[in-house]
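In the part that follows, the structures are each spelled out as structure tokens.
What follows is a pair of complexes built around chain A, which joins chain B in one and chain C in the other.
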Partner chain A sequence: MSFKRTMAAVLSVAMLAGMTIAASAQEQVTLRFSWWGGDERHEKTLAVIDAFEAANPNIKIEPEYSSFDGYKEKKTTEFASQTAPDIFQIETGSGPEYYKNGVLYNISETDFDFSNFDPYFLEMNGQFGSGSQYALPTGMAGSALIVNKTLADEIGIDLTQPYDWEYFFELGKKVREYDPECYLLSANTQYGTAFFIRAWMRQVNGLPIMSDDYTLNVTEEQFAECFDYIRRLYEEEVCAPASYKAPYGDQDQEDPNWIAGKYVADVGYTSSTNVLKAANPDVDYIAGQMPLREDRKSDGWFNDCPQFIGIYVNTEHPAEAAKFLDFFYNTEEAAAILGTCRSVPPTAMAQEVCEREGVMDALSREAVDVSLQYNGESDGGLTTCAEVTSILEDAYENVSYGAMSPEDAAAEVVSLLNDFIDMNK
Partner chain B sequence: MKKLKISHNNMAYIYLLPWIIGLLMLQVYPFVKSFYYSLTDYNPLADPKFIGIANYVRLFTKDKEFGKSLAATIEYVLVTVPFKIIMSLVIAMLLNKGRKGIGALRTIYYLPSLFGGSIAVAVLWKVMFMDQGMINAFLNKIGIGTISFFGNPSTALPTLSSLEVWQFGSSMVMFLAALKQVPSSLYEAAEIDGASKVKSFFSITLPQISPIIFFCIIMQTVNALQNFTSAFVITQGGPLKSTYMLGLKLYNDGFLYMKMGYASATSWVIFGLVMIFTLVLFGTSRFWVFYGDED
Partner chain C sequence: MTRKKKKQIHEIIMYIILILVGFLMIFPLIWMFFASFKSNEEIYGSISLLPQSFSWEAFVNGWQGIGGNTYTRFFANSALLVLPTTLLTVVSSTLVAYGFARFEFRGKKPAFALLLSTLMLPNAILVIPRYSIFRSLGVLDSYMPFYLLAAFACYPFFTYMLIQFFRGIPRELDESAYIDGCGTFRTLVHILLPILKPAMFSAGLFQFLWTYNDYFNSIIYINSVKKFTVSMALRLTMDSETVVIWKNVMAMSCLAVLPVVVLFFFCQKYFVDGIATTGLKG
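Let's turn to the complex of A and B:
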């Protein structure tokens, strides 16, 4: 009898333990996921969330989505009040800052499956020199020159062959002679800064403008030379006037002249190809080659990612957050839904799915392929942090408006960057 | 059962308690705390470090943006406040007549004020004044041609001011109430003495409503010094920092560059400006503000 009783007791305990485990497995977990983007990205991301919830009924994802306006500021407030969402999209330039400030969870410590990613791509995007993955790249991207092929062919312009920076002046003149209402380049201050200052400097020195140890790698003379190039772009009417472009901010697709097909090319990113194409779908587009200096130390142009996605360091459910990201990045179902809404996907598996399902945007793919040809390295870090970016953008704006001479702008930039270093080092 | 007796005074405090708690938590505490933060190097993701008055020294001696920002803010105040006061007074005088449908007209003119500093109105303004907007369509029609209101540093600030001026309703209502209080006997006496309408306006109307003008100037000045929404939504402070007002600088320093201590110092400078403007206005008020109980 005592054996039976013991067995009964053991079985009861085992049953209770099993019930407890089952109950905890079914425990409802709610995660918040925030991102920015346009309607297409919102719709596709919501569809992935639905698919994930259907496969994981015990995990609910609360979406928080918006446009980019105010997104970073909102995150700052949420970090300060420790109310940030469990999972959130991160602007590439902010990734290193967030890592430095300790708000990102180490994804390498979770069960996330990294096997679909190229290890070097992961190392360069989201590890921030730590050797662990603190953020996941959402796609492959880089600076791009989106060319209105229809107009370029009409004028007789070819941007598919290698060329140097001076070539823009020759083409700009040709465009103005063809039609005084047309310009070679549509360039806004934000994207123009990345294109004409950061990339230029990477070609000149083979280094970012500021290294992560707060070393300023660019001299005042080098800035002056770069700013003089920008001055000429506007004075010689290669770019549309800065005062005309200013009201549209970085939303080049809203510029009526882009919609009317009055620009040969737009200075932007591979991730903006979709919206630019959608704004004027009646013409053909290609991704142009990028300008190169003959005496360059590096091609300057590089391929990195359009954004990251990370897990908040204070999340109560890192395992579930990683599980969602695993679904988001590593399932064919999610890849087919997302397509290229965050540029070309970052894994070969997702790219194959997109090709197979016919959701790979050909222009995005082409723009990414162009950016992959170059050997430049990302300057993500202090060079892309908000304050340094603002200093560079102000200089670009001053020179493009003709409000400051290249020499004065260079002197001011060096002074402000040194001041930034003194304040933060 | 013994009834709990509460004195009138205590009862008043009980009723006031929610407001007092709100005042202490949402006004007094942040006010004091922001002063403390202004004396610190404070990244919101780390603990603040006390640095004394270094933020203020930096603002006034090293920060080139601060000078531009201060100039833009003062220019905005000097353009906005007089135009808004004049506009609201003129409309109030026009609406201070016993015409048919005057009530509906007063409501229509007051409506813009109800929208306040909303994002929607700022976006509307932006669309209206864009190169392809309604205003430029009109200017083109009358042969003036397109003006890049937000692309030109000399027109961007006045265009933002026009949005504030357009929302003149609250001042207008106060002027309307004040105009009704002016005794008609004064105008009758002036008419008998042969005073013209213009003379009556300057010698009777303005002195009689001067306390309300004074109040409106102070309130509008305080509002204008704190402007943020229109500069943030429409121009982001550009072009060339021409609309980079202190409210926007404070926001960028705090939330974009994560220098919350520095932003707090800017907020105290704005507070100082409000105080200076108010004190100057109070100082001059004895020369032009007339109260009924004075000799």
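Let's turn to the complex of A and C:
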């Protein structure tokens, strides 16, 4: 009797367990999605997650959002211990590094629908030369020259026609003569390095500074010529003094002189147009043309993306993660919610939706259009990796502060880059 | 001039200097408070300290936080993280320090050398190994990493500091306690702790401050926004590609420093005591 009773109890427990398993076979999946950003991006991304969850009740997205501070460090730690979120936003420059380290899932193997994207844009952004999509560009962006049109018109400066790099000196002089408190360019070390060193070198050689096989494509003389150009930018007062700009880091919108409208143009990115405009909303802005060398091998300037979004290679639910990304990129609903919180969206469909809903920022759009007309290719890879970037930025600072002659800086950069190659190759 | 008058003038001058320096020190806080009433244009465009108008709007808006997580939650999280961590640190560090300072046991010297060497390890080196351990224990995205470190005296700085204090207390005190029949634990609790109080307080205060202000460790161990502490929440809204409404950030920063400022005023005595005395009295 007691055996039977025990048996019955055991069996009923087993049956209950069986039922629970069957119920969970309906699969309640939880995915972690992490990104960085500010208020606007957080609110909008959360709204897209809500919309997705409403349409897919069996998938729950656990949002992990923060500011950019500590974001990369956290990802590095998570990769090292295999606890990275299923879906995460990636800084453009880190994309190739992550791909090489094998932390990105091959999105081409999922059901993600790529048909809304321009194939060439996808190839250039997120394939890392592999032929498969390992990361999805979140938008279109590029280097940009944001021009304070009101001031430019007052002084009589036109940056809407093609011009060469020497043109800056002519304009710089004109600006200083017009008003000794004004400068032609507001340039900080980080953005200046991308603008005056990396883009310059792409025009000179048609190649990134360092190829992915650890070939250094730039000679010491070429560096010296470039650094001499930077020295002149500061000596001839085309750019505001480096020591003045230093406290603001890459936050040009916090520079009181920008807010007071004392610069003709800011050296930056298309993605910073919004904040620059908001800092001094009383004047008109346009996106200027970019400088070009006569003897260039390539235009150097290119259009890429402000960030990527990727799927973690160790995710347990790649199909569901791809489903979320499909919703995020390929539905009008998501496009309307997101607007331009990650720059101008990457698909024609989303761009149309933004225009229609009136959430497309005209200046961002204009800046992206300018960057689309150049034929340069992204130098994302070793040239943009953390160590090489800091070597170039140090040189930019040394030269812009006048602490080092262009020749010495060039010699130092070449020797440091060779050390880097020896250490890593 | 009488000697009394001379002294008075001397004092007046001293006070003027002290007030000036004090004002200089507290100026950033005052500026921050008034900035929570200013628009972005006013913050950047004007050097006047006082805002054009007063409204508590920034405090109300700032408190809303982001995505349904308000500052009520962030402050509660901070309390939940900081208070147990501080308490555990003080208890565990005191016990370990007592052991090192008062007892002879095999391997004491190498163990002490080990303790000292961990004191010299920079945080950056510890992050990944610690993270891996906590992952194996399955306690990520919770406050356990902080509690565990605190509970097992993994803050060598405090242990070392307390050891030094213990060494300053004459052994005769312990011995007379033993003669009167106290065990080792009662000796610690009834005889040594009262003397050690200033040191423990300063360890507690510093641990409170450091944990409360810590950003890096929190961002590494905690993923969910609903578990964020105040220091992490403050950074949520700041991004170079978004227009930051600074007055909201400033308003919340004012509230965030409040606990620390209040704590300092109430525990001033211990801050100074803890640093100045050696624990030896009379």
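Going forward, the second predicted complex is superposed on the first by the 399 of 425 C-alpha atoms of A that agree within 3 Å, B and C clash if a C-alpha of one lies under 4 Å from a C-alpha of the other, contacts with A are read in each partner's own complex, and residues count from 1 in each chain.
The rule is short, and it goes like this: a residue touches a chain if its C-beta (ideal position, glycine included) is under 8 Å from a C-beta of that chain, and two chains touch if they have at least 3 such contacts.
Owing to the predicted nature of the structure, the values given are computational and were not obtained by experimental measurement.
S.K.: Touch check for A:63: first (chain B), second (chain C), both, or neither?
M.R.: second
S.K.: For A:411 in the superposed arrangement: first (chain B), second (chain C), both or neither?
M.R.: Neither chain B nor chain C is touched by A:411.
S.K.: Examine A:80 and indicate which partner it touches, taking first as chain B and second as chain C; both and neither are also allowed.
M.R.: After superposing on A, A:80 lies in contact with both chain B and chain C.
S.K.: Scan A:256 for contacts with chain B and chain C and give back first, second, both or neither.
M.R.: both
S.K.: Could you let me know whether more residues of chain A are touched by chain B or by chain C?
M.R.: Chain A has more residues touched by C than by the other partner.
S.K.: Have a look at where A:313 lands relative to chain B and chain C in the superposition and call it first, second, both or neither.
M.R.: Neither: A:313 stays clear of chain B and chain C.
S.K.: Regarding the shared-chain residue A:243, is it in contact with chain B (first), chain C (second), both, or neither?
M.R.: The answer is first: A:243 touches chain B but not chain C.
S.K.: With both complexes overlaid on chain A, does A:372 touch chain B (first), chain C (second), both or neither?
M.R.: Neither: A:372 stays clear of chain B and chain C.
S.K.: Can you list the residues of chain A that touch chain B in one structure and chain C in the other?
M.R.: 73, 77, 80, 256.
S.K.: Across the complex, what residues on chain C touch chain A?
M.R.: Where chain C meets chain A, its residues are 40-41, 44-45, 66-67, 127-128, 131-132, 135, 140, 215-216, 219-220, 223-225, 232, 235-245.
S.K.: Per the contact definition, I'd like the list of chain B residues that touch chain A in the complex.
M.R.: Chain B residues touching chain A: 43-46, 62, 64, 126, 130-132, 148-153, 236, 238-241, 251-252, 254-258, 260.
S.K.: In the complex, go through chain A and note every residue touching chain B.
M.R.: Touch list, chain A to chain B: 72-73, 76-77, 79-80, 97, 101-103, 189, 241-247, 249, 256, 386-387, 390, 394, 397-398, 401, 403, 412, 416, 419.
S.K.: Okay, in this complex, where on chain A does chain C touch?
M.R.: Checking each residue of chain A against chain C gives 32, 34, 36-43, 46, 62-70, 73-74, 77, 80-83, 85, 250-251, 254, 256, 259-260, 271-272, 274-275, 278-279, 306, 343.
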